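Residue numbering begins at 1 within each chain, and the chains themselves are lettered A, B and C in the order written.
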Amino acid sequence: MPAKPKSISMKFAELLKGEAAQESALVGQYCFGLAKELWPINRSLTGPGVRQTLDILRRELPGLTLHSVPSGSQVLDWTVPDEWSVREAWIEDADGRRLVDFADNNLHLVGYSEPFEGWVERDVLERHLHSLPEQPLAIPYVTSYYRRDWGFCVSHEHRQTLGQGPFKVNIDSSLEPGQLDYGELVIPGESRKEVLLSTYVCHPSMANNELSGPVVATALGRWLAAQDRLKYTYRLVFAPETIGAIAYLSRKIDHLREHVTAGFLLTCLGDERSYSYVPSRASDTIADRVAQHVLKGIAPDYRKYTWLDRGSDERQFCAPRVDLPMASIMRSKYGEYPEYHTSLDTLGEVVTARGLQGGFDALHNAIHILENDIVTRTTVLGEPQLGKRGLYPTISTKHSVTAEVQTMMDVISYCDGRLSHFDIAEKLGLPFDRVQSICAPLMEAGLLEVVD
Amino acid sequence: MPAKPKSISMKFAELLKGEAAQESALVGQYCFGLAKELWPINRSLTGPGVRQTLDILRRELPGLTLHSVPSGSQVLDWTVPDEWSVREAWIEDADGRRLVDFADNNLHLVGYSEPFEGWVERDVLERHLHSLPEQPLAIPYVTSYYRRDWGFCVSHEHRQTLGQGPFKVNIDSSLEPGQLDYGELVIPGESRKEVLLSTYVCHPSMANNELSGPVVATALGRWLAAQDRLKYTYRLVFAPETIGAIAYLSRKIDHLREHVTAGFLLTCLGDERSYSYVPSRASDTIADRVAQHVLKGIAPDYRKYTWLDRGSDERQFCAPRVDLPMASIMRSKYGEYPEYHTSLDTLGEVVTARGLQGGFDALHNAIHILENDIVTRTTVLGEPQLGKRGLYPTISTKHSVTAEVQTMMDVISYCDGRLSHFDIAEKLGLPFDRVQSICAPLMEAGLLEVVD
Amino acid sequence: MPAKPKSISMKFAELLKGEAAQESALVGQYCFGLAKELWPINRSLTGPGVRQTLDILRRELPGLTLHSVPSGSQVLDWTVPDEWSVREAWIEDADGRRLVDFADNNLHLVGYSEPFEGWVERDVLERHLHSLPEQPLAIPYVTSYYRRDWGFCVSHEHRQTLGQGPFKVNIDSSLEPGQLDYGELVIPGESRKEVLLSTYVCHPSMANNELSGPVVATALGRWLAAQDRLKYTYRLVFAPETIGAIAYLSRKIDHLREHVTAGFLLTCLGDERSYSYVPSRASDTIADRVAQHVLKGIAPDYRKYTWLDRGSDERQFCAPRVDLPMASIMRSKYGEYPEYHTSLDTLGEVVTARGLQGGFDALHNAIHILENDIVTRTTVLGEPQLGKRGLYPTISTKHSVTAEVQTMMDVISYCDGRLSHFDIAEKLGLPFDRVQSICAPLMEAGLLEVVD
């Protein structure tokens, strides 16, 4: 287990006070270090692995509160499952040689495997083995949450070497009433309107899907907590995917429907190969528009998916009658990269500090827009006289109206008290920050005033 | 004259109780037989031919009521014309040889020809002859409803053989005050909202334009009358084109404007060459959307016309201030196939049982959507737990979420109490029945509830 | 100075009473003659040149009222500058040879040059010289309205010949409190709703930008004043660009916002090379739609600019919170033709009588649409019976429904009391006048009635 990334973390807290944060790779390094610390833990929907994970996140995010829902609780249409714990799990041959061992890789055991001990022949074992012929070196990630069963996952090459048996199988697990755990952090802003950031903590040792999500969420949380002033209140949720989101919604739906203005789902934020966007169900919320603006700026060739390509907790948060305005900003999307849901989705090969930095930056930029967007209007009728304020060239010839001045005048011409600066950026095909930096001196000069 | 198609008709009545009807070619055969029976009758805007036709249709549709409007009546902007009857009409040469005879083909006489008897030279006859040089074997269909005249129509080849005359011309017709006839059938449903099906009965012996219309309308009427339950009330109208539709509107406009939810114009439903669609004036009514959905399913290359290509009674039913939501579903459109309005538009060569079956099926499918479309919403917040209801695989691996499950989840994700199943089908590019069959077990399981 | 174009003007007044006006080139000749008279005057933002110009225009437009705003007045965000007068301005060499003389071309002196008298070396003179290396024969047009300075403009070839100096420079100008002048003409119509036509009078001897604007505005004013009946009230404004428009708005903004229904900016209306359109800020006002319709009719390849290509007084009239519905119809747009803002923008080479005629015609057509557009609806339900009114062929065969009748029926089918004749023209891709001439006999026959 790596040392706690304290030293990076300290620098980070300072860095994150300013804009410098995103320009540096330190945030990516912080995320990478935290992911290494979380890597070996055997997370699942429930059980000690989730609690260990949340404890580490609480160390990084002091205000994080932990919550639990008892097994058997009805949450919306679902029932919280029993808690799953694994002490050991292995397959041995007749000579006592350990052929497969959960201790080597927590993907070896099918998630939610029930306890089993006994000798089985190869044909019986076969029915409990999972491998991927087309990816012979990958251990697949398999779960059986809602049907009692047991099983082992091995690489297809490994599977060929197991011999004919008989095999001694030992799964010392328990499936007993316990609880489902999740963490929540509220960072208050000036408005009671909220931005919701949701990520999940229920996968064992896989890096892009899932560790990149919680570690970038943690970095965002630290950055937000370090701000002197926030317009919106931020709510960060770390819960198991699907059942955790459902349990969370079952407790918070009324509050969320009333307060959430925009939100983002944080997953698959760590590789360097691409940027991706999955829309909300409505597909045209402010979160959707901002996500696309940011990605167009960072990576014009970003992959734009549709609602029909969804696959994570937008299925809950954007379900009919829930309909929170939440979009997904990702690097390479779940299901779309070859290492997805296998032992090949690793820190180092797939997820890098630079990849995580890119994921953080995209979300940082999106939040930056939400925080800073305003509606302004000109205080004067007709074009303002920029010359007398030193904002405009005083001699006019055929060629003197430069592109810069033209863009400034274009922006002013749309400051009509209806379009926001973000709207204007979209309309003019400009980066949001360009519009902001054009308007700042105009506001200072009293030529633009904020509306609302 | 063919035998009455009784035996087919009996089977048909039974068949039409179930969905099997449209899968069989028996409906097409029924329509074809009925068209053969109607073929020889000399229909026009008014006169005994229309009444003979309506009598036969009433035999097939017992509830059909017959109505008449006296000649000279003002109907909207029009006046009901005198009734036209023809006893005989022919041209003979000096040797008494019969050169052209209405008894051979009722297209030989210009519609609404006034009585005439006398000897004429070739040059005079010429002014009363109609033929199509570019279709030398076709007798054209010509009428002169609103200007008193007489004339004969012959094939261009025939015209070359008539000789120099003199000719004895005898038209024993009468144009006298009488009435305009139409038939109406109301099949009550649970709602007072109506679906209007309109077709016309004013053309002599031509098959696609027009016999296909009234025979498919009759088959639809029989099928509707055989249903145990209908959501909408159906109103079928068999009237002469234009003046009949106008006369009908003059009596029913207030009722129709209040009750008609959707409607279809039934014409040109019998050949096998293509499917066609002409929109309502508004072009985006539910009838338009359903017509296009159905045709896309049956024939993705169907011909999509615009309001500017209109040419039948949508000119009345969709006129400004009438604006009934009526679209046309056709096989090959009037004016767009070479045999249109000539003696070549025959049963057998142009119109077939299979072609008629296709026309029936398209309208059947459209009505099927109107009858069965509903708005539902999920009863639970968040995604439903399908596994515990046996509706979802319980083990999840990289590859197990099959396309079928994905489509089911996509459909559920749009059941938001606002979109109807038809809307969802359009949104997902699925056939309406696919959405229905996905939703049926979900409704049974209580996961979806009907809204409204 | 050319003779006053009285004789043309007289004929013109007569011609302009009828539609014949635009078909004749006489309007273009009138405009050209008036432009020749205005050519030599040294116009600027203020000063005697503007007043001379307005006096000539008042002779042509008897109702034109003259207005002034004192120097130093605060007008919206701007201050009316001191009045600028030039008596003489020249550069001489040591031998007293006149090298550059304002009397030769009023572009030689930078606009708003302050007085200066003295001997300067070439290096000092250089800092006060303007020329265009890429257009070596052109004298550029340069102004320095809001920074006190002096300067001379010469062709780049001329600049090479000036020698090393020393130079005697004499600018006998004055910049003293005075006034800003503008002219306004109101031609009352039946409605208090107004059409605003704005042009500018602040450029020295240049033809397309600017003389084409005021002379076409004058011709339009004469044509409007000669009408027996106008639906709208017309307001013509002749003011210096920018500061004049701002001064005018500062006095009239409330009135204009309440009454102006549509408007056009009149500039660059005199060459023969192209037609151009710059939209209002909203870009979809009735002025925008009409401008595009007219230009599509005259020159299907007209240049369609966007709001971001604006550059004249739409910057004031369409500014946020002013937002008058004003579009620009032009020949070759300012900034887009090589002679723009140089001594090459001449009468004869760039601007011609034919070019001015085309500019007049485009605006005439736009006003013609605004004046004559109406909303009608059919007085009868269903299609009208055109035959009995002699408006429709009485014998129907396959080929007799001609394209003309079809278009007539299409137009009627859209006369629904909601779409205006202009809307219908756009919908059917027809010229507005075609729709008008189709509807006229229908209205006469009582088949269409005006709504509102």
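We adopt the following convention: contacts are C-beta pairs under 8 Å (C-beta built on N, C-alpha and C of every residue); 3 or more make two chains touch, one makes a residue touch a chain.
Small disclaimer: the values here were computed from a predicted structure and weren't measured.
Where contacts are defined as at the top, ignoring chain B still yields one piece in which all remaining chains are linked.
Of all residue numbers that take part in the contact between chain A and chain C, under half occur on both sides, making this a different-residue interface. One inter-chain figure worth recording: chain A and chain C are separated by 58 Å, centre to centre, where each centre is the mean of the chain's CA atoms.
For chain A, the set of residues that touch two or more other chains is empty. Within the complex formed with chain C, the residues of chain B that make contact are 76-79, 130, 132, 140-147, 149, 242, 245-246, 249-250, 253, 281, 307-308, 310, 315-316, 318-323, 340-342.
Contacts from chain A toward chain C in the complex involve residues 377-378, 380-385, 387-388, 394-398, 406, 409-410, 412-417, 428, 447.
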